[in-house]
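I am attaching a structure below and will ask some questions about it afterwards.
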């Protein structure tokens, strides 16, 4: 298997009856389906300090967390989501790479599926792996991407959309700026797919030239190379994490100069609408892409994004196992 | 403690009433006991896609997974088996080695047992450790080997026997070939013990001279140095994993030449009976010991072995805690 | 953040109504509160081989085990304690260090708390981190230290006190010797705080000069540089683990000479009262600080300490979530 043929086909994410079976990307998902997921996720929201939402909807369902890359935050969020729905969840350090020696990706996947694991949650550095797996699992097994290379992070896109909807009530009249390393960001791509499907008013990409995506990507988005200009009048600012290794090339300034040009400070935040919200997928580089006064300020909704993340993952787990559980109840 | 004295005595695996208390090796286990375990495991088999078997038989029992060697597959199988029986299970990265500095093996074991851990599942690279531990734990604690050096992998032996019985209905009339690195294989040794106890018709060892076990081992087995000859007319072919580091010596060919001589291809498979099954304990080296056409072909029962593995581990966990749970119910 | 400002304030461990909310240190805790914790822990004690204590008191509560340092023993003990109370527990490899790049300590903590994690159990090499976190979490979140640098290990202090009370019936008439590397020991400091609060009769520090704490620490304790003299007539001997790297300086002898001078042997044990108990927090260095004849002898209560550890952690988890659970029940 090469990266090419893992990439060769868009996975079929919906089953014959139009239900969500896999979640690899938000690209091409029907708006109504995304809205149903957001509505269901909203029902799993409780104030912090109140008992978390719980059900036994997924009792008997087994979820495996397969994280090749370390990701405490996302792994923990999926683990809590699965557990609060009553699923059994096991964490396995499995590296699903076409470059790994010995066992192939599919051998590993078939082994897991033969243990009655029904949902595979996978974080993959290599493009195409989640879709490749989804095309080969048994009919009752679902694949959820927890982040795939620079391509896709669908549950992040959903939680971002849910956060915006909670704060702003809708999408049509909004202007959203995505700021930072858009070229390498799966968060940006999934936000784009979600917001486009939900009919966002306007989407602006704000980045230095070296971090701007290729021209054919992110169609219909305005591209701006200045932060002040880019966030002028917007309702939502989605900051991205800057990876240190990305900001050493000639086209991109280093950490301190990046902050001087693109760091979101309180002063710059005034260019946006007064009630604009500031989002960040975490983990933040304070003093690089965002100033602490903004990260901890009244317009920040960063912690709410985390809470929404668990709720969205509960909604997705419930959705992708709906067919399985219906079959179990019939039998 | 030295490796010598950990090895000094065969552990007492049965309690005074003849019930299984530890499972360190299949060697010397009564045939009736093995058959009872297989019968019970069979009751835990469900079709993939159906709800997995579940019970609360082990509610209140605590199982610790102690894996010194990384083993996603076997650890996950034990974890799911324990959880589906309602046990509490904790995964601990504990290295039980006589060579480790500081705490002795028994200090670690006594610590775990003092936390009300009732079953210790252990994977050990060092010979003799599971038996040594079993001889020293409290009377209510059970030790299950999840693989011990090159010596023993008893739950693998049971799942292999169960798979053969499911496919072939019995053992007496069967010819079985074990193919590959038998010298270093705990899988081969446990298969030998299980099949011998169950009255297998004929067992053939098929390997190049450098991977053949010592003459005093595997009594009553025919030894063959050619794959074609070795699998001729057999009902069951048990392939073993070839470890790369084993096939560099002068007596053993390298990867590609190993495949030329001993790799199981579709052409060679024709030497076996037409309805012969092909087994592999995983993880496979495709293109070294087995060709993909065979691994994924209609005679392969490799995925079924994985499913049987969970079922067999459920049966074993239930069996070794039977005395404990009876005492609890009496009290 | 610097180590200095993490250290700057003693955390408020009690809430407005005097209930335990965080457990960072035993220093300054009211005697009545410590006694209530010990009484409650005692109710969670069962004989080994009997079913472990279980309840659903913490159903719906989420506990996160954050262990920067590897600690199988303490992590496992907290995990079992939480699970036997019906809590959800997740293990996260999170390093809460002011020196780590990128995300700050508080970013990590706010992320966890936003996932409806109610109790943060943390083992920290860096002084001041647990208190710093406790001062910043949301009002319903509790922080439990599972060991902080050389400063504090409060649940260890409680389990040591419980063990002494079980064996000796009380504290007032007892003489206790703490032996070994007191200078670097969080175990010694928490034992000191607990026993002082509980009105211990006499506490002696026994160590070579290089391992004795600073003069202003451990007030009112006699300091003795000879083991024989130090344990003469005591009721309780608390041995500490000697870390190999501590015993290479000029003021401290090496392993073998340490044993000659300070190793607890059967002969030396005769200097204590005949019914004196011997304790050790584990893991032991047999042949350095303690001889196997003593560690495994009739006066050793080392395994009982481990059992008490789970019980004490259950009592603490129940106590710190009492307010939270009361609010949930009211709502």
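Chains here go by letter, A, B and C, matching the order in which they are written, and residues are numbered from 1 within each.
Here, a contact is a pair of C-beta atoms (placed from the backbone, for glycine too) under 8 Å apart; a residue touches a chain by one contact, two chains touch by 3 or more.
Source: prediction; values computed, not measured.
**Q** Pick one for the touching-chains graph, please: line, ring, star, complete, other.
**A** Complete.
**Q** Compare the two sides of the subunit A and subunit C interface and say whether they are made mostly of the same residue numbers, over half shared, or of different ones.
**A** different
**Q** Distance from the CA centroid of subunit A to that of subunit C, rounded to the nearest Å?
**A** Whole-Å distance between the two chain centres: 40.
**Q** Could you list which residues of subunit A touch at least two other chains?
**A** Within subunit A, no residue contacts more than one other chain.
**Q** Which residues, counting only subunit A, touch subunit B once they are in their complex?
**A** Subunit A residues touching subunit B: 60, 62, 64, 88, 90, 92-94, 102-104, 107-108, 110-117, 138-140, 324, 327-328, 331.
**Q** Show me the residue ranges of subunit A that touch subunit C in the complex, using the header's touch definition.
**A** Within the complex, subunit A touches subunit C at residues 46, 48-52, 54, 70, 72-73, 76-77, 79-80, 83-84, 282-286, 295, 303-304, 306-307, 309-310.
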